[in-house]
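Reviewing the structure listed below.
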């Protein structure tokens, strides 16, 4: 059982509630000898922080500074656990007292109450997306491990609301709003988000995470297939409701003769498999997609009950994003980085 | 690391190659006092065996009799590991010698070779779907554990090829060919499969697995969310390329105000979340879907290489199914049963 | 693999180096609803802190205040990870620069260098006994879990140097210097420690940890026997070189007819088994003993080499204890508490 | 949680009861490319089988033939799980019906009943020493992995009853009765065992397991120290009540200045640490000792109760050993082999 720990040889344990003193994590199993500083973690945190998404993003301005407490000596990892803490400086607990006795629809209020009997209702507590900052910090270390082996992980948004992009330039998506994979879709998505926000509503989207430079041979059949662990990694992010590998659901609508990737002396002739066969990487690019649900916090009135079971309605106002994209992108990348770096180490490869 | 072991408190370890002496499994963590016989395992195995799928299914007739070696005394489980073995009686190794030196497209031949350096090429070896028989046997024990708590798991096929069903009567799907959820689609799917088979090709489909009678409170945030573990479970089945929870990818195309399930004093007013929020079961039905790729073994000529890298073509004839559905359905059910029974025990519930 | 994480359902991950910014831990799996405050953790830390052992103890005065960062809301655990941090306020790195290029005999300098290639040489870094403060803090939570079930864990010292105690009043040992189990031995041990310290040397001893109020039925055969997990727990404390359950090594010198504990209608007539049979608790008191080696840091001159392999000598002066007892006692208790509380939860018992 | 599974990357799961259909195991994580046959497993099983110990040993003659079911193809491991089964051919259940309703002192009858509510009373069921045959079979594979790296594991008996040996020739102990480490003690131990057996009693002893050819750097601080994992491994063998590393309990009675192993340019000048420091191997020989309790099955009359709580007496006659030594020696070696091979793989070393 892992619960708040992710990984086998490279294990990230996260902790913290949205409005508690701090959030953070402990990354165990990072090889010794990797140059690492707080600035490395900050890169990912800055990409995930509020305000990055332009209109889609919350107004809450949390600095999100990770302080490294252990595992690094003279600028280099020592092989011991790397602990880091991010203080919750902008807590504003008062914003949330109104929802103390209400189950917000689409949130985990009801189920946390059912499971634990008590619950930190402030800003979602542990179920807040704020927890993912610790994943991003840990994921940046995994990214550095992979970089040593020539593996590069990036993401791009293929859909927002129900507006797909053309994905003509995915490698530079991180330079555009919403991690848009082409220039043309940016304005359309901006308009879409503005409209939705003005209506007090929210939208979702689809994010593709890709890894290049992968060696063949990573993955552990039968249950710890590379596909299975990636699905576990991405579906463990709160807003994700679907995961696809390679052709995904469209593979289910294809013929076997067309879905198979032909093998040639120069390598595979296509990559409908998404970079893995039988749970083991094939040396092609890893391609996974995650369906991101619309943020459940909407200003529109919603039907719900109080914690004591009485009918009521709720409007979740305040400083909420209209879409989890693009702030969720670094989180999804982090989960892929952590998964791939774990398999990298499991394969006996070093850094 | 788990590799060939699945689960936390209820752990199934499977072993065996398609054409080795036997396949089987060890189920550890089953509570004592559960009535269990070989006939219980056989129920699942019979549903998974060749010939069940009518036209879709292979001609290979493997009896698949599970023999229990341990963990049961006087008809009742004792709390010790339940080992079971299924002998491989119909091996016919000669059928496979032709593909010894070839990488079959869409199969794991290439990646197993890359990872392990050696490979049991007979019938796919460990990567054969035959391995899933052990999952089914173990899953039947999990099903009995869940039954004690009033949880029932069943599946139905929502799509074959690109032909969707109407899903008017999913509860009785197991009584129809292809686990069809309504009577009308059966003939259409039968024709579809016949045509594809006659063309030497194959198709895939989508299977929905549902659990009724679920208590609220199962699941372990943040990484071991119920959603995450179900995705891991289903994506760990060879042919699965996508997994959705509840509304899945369509949630990504919806508005927050519409995707949230309203809460009423009588319970949730809808189940777009698929029975879980924040990684914890809500007490509603669990709803997960798996995209099943078309079987890669097709009689049509495929471009590939020999193991020494020379260009060649291959036709994979023989006793292959034209679609993994319906034989994959009991496997997907088994994976859901194992996952839910594991969380059942993790919650401290007894049988 | 666990490395810096201990436990199955109740999992303590510790982090931190002796002279890094902080040490601490994350305790995952603690049930919700347990009243908990920083004062609870402090109780154990205060018992472990320097100065508790009278003459045996180091002069370094570290406040060791644990700050809880998560998992507690309104004074009660929420079921989410409990993270705590203990800042390293009294670091004095200058004390240790002299040993930067030397392998101290009996310490982990050589092996950390061999394993990791780099090493935080300040005060032993991760291998410092200071790390155990985090175990004590986590162990106090486990102690509270056990207390809910009526289980009480305490320790007493049965030997110091080679001077055994009479163990006439072990329950009150925590009120005496050295956790002495009778009044008579205190002066003798005090003299012994004074003498050894004056000679620039150190001694070890034997500590017995006992649990009362145990239910029968805890433990998980065959590999996770209660005995095995306790041995793992105690041998994982740096200074421990031997572990015994019940009669221990003396059982090996006894007859079967005399070593067996007779069973009577009133219960077991003796407890040579130490409270467990076949890896499962019998309902009797748990009795385990740990052999604690003399502290390797001695002021006497020791033969060693530099990190580049040249012969040299070293005197490890400074603020070191002359004996790990009594500061190790709360650590050993913590490890037993964590082990028993883990099995408590594994048995499906609640708090 | 592991229960019936041992190890991290190299994982042995065992199953089976003394008088069920079969016992066996599944070894997962063995690297591909290792030549392996059933004869390799048989070597260990033959050393463990009844009759090896001369007078000390039971008359039961179980062939103990391991059949490999998977994981080996054309004489070489494939990286997939290696399952093996040992049929229980000589069951004689009738011998045990007399003890069906009695708790045998020193056995696990009482605690299994307390934990599981049901119990296979035939010959101890799962708690029978027979289970260890599966450990020996799995351990032989681990031994072959270690042999590839030049590591050799052997054992010798240092004490039987309370008669110590001189340990002049431990390397050849396996060629002598009782794994005696010198010629002189053989006759004395033989007389001792004969006498004890004639009295209807039993004795225990102490076994030392040693590994030569170890590299420095194996082990995973802080909880998975090499010492901790070895203690866990050995204390998980039913009859073991104490474990020592290196000087063990005698270290607790020594001075720090004398207990430290001096380091010289030629290596360590002594090995009181038993081959590890700070939980990491030092490159010296691994030295661990296990205290083996006298076999609880004695023909002398013992006080006990029936399962319904009535006072009674029991004589456990039949085909029992008078001492677990030497049959336990291969089991202890197996546990050390499995532990070291696991750390070998965890270090990223290959075979």
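For reference, chains read A, B, C and D in written order, and residue numbers begin at 1 within each chain.
The rule is simple: contacts are C-beta pairs under 8 Å (C-beta built on N, C-alpha and C of every residue); 3 or more make two chains touch, one makes a residue touch a chain.
Chain identities (UniProt): A, B, C, D = Chorismate synthase.
Nothing here was measured: the structure is a model prediction, and the numbers come from that model.
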* Structure fact -> Computed over C-alpha atoms, the centroid farthest from that of subunit D (Chorismate synthase) is that of chain A
* Which of the two pairs, A-C or B-C, is linked by more C-beta contacts? -> A-C
* To do: Find the geometric centre of each of subunit C (Chorismate synthase) and subunit D (Chorismate synthase) from their Cα atoms only, then give the gap between the two centres in Å, rounded to an integer.
  => 27
* For subunit B (Chorismate synthase) and subunit C (Chorismate synthase), let me know how many angstrom lie between their CA-based centres, rounded off. => 46
* **Geometric centre distance via CA averages, subunit C (Chorismate synthase)-subunit A (Chorismate synthase), whole Å** => 38
* Among the residues of subunit C (Chorismate synthase), which are close enough to touch at least two other chains? -> 1, 3-5, 8-9, 14, 80, 115, 126, 221, 346
* **subunit B (Chorismate synthase)-facing residues of subunit D (Chorismate synthase), complex** => 1, 3-5, 8-9, 11, 13-17, 20-24, 26, 28-29, 32-33, 67-71, 73-74, 76-83, 85, 115-120, 125-126
* Asked: subunit A (Chorismate synthase) touches which residues of subunit B (Chorismate synthase) in the complex?
  -> 1-6, 8-9, 14, 103, 105-108, 110-112, 114-115, 126-127, 131, 159, 161-162, 196, 200-206, 216-225, 227-236, 238, 240-249, 251-257, 259-265, 269, 273-274, 276-283, 291-298, 300, 302-305, 309-311, 346-347
* Structure fact -> Listed in rising order, the residues of subunit C (Chorismate synthase) that touch subunit B (Chorismate synthase) in the complex are 1, 9, 80, 221, 345-346, 348-350
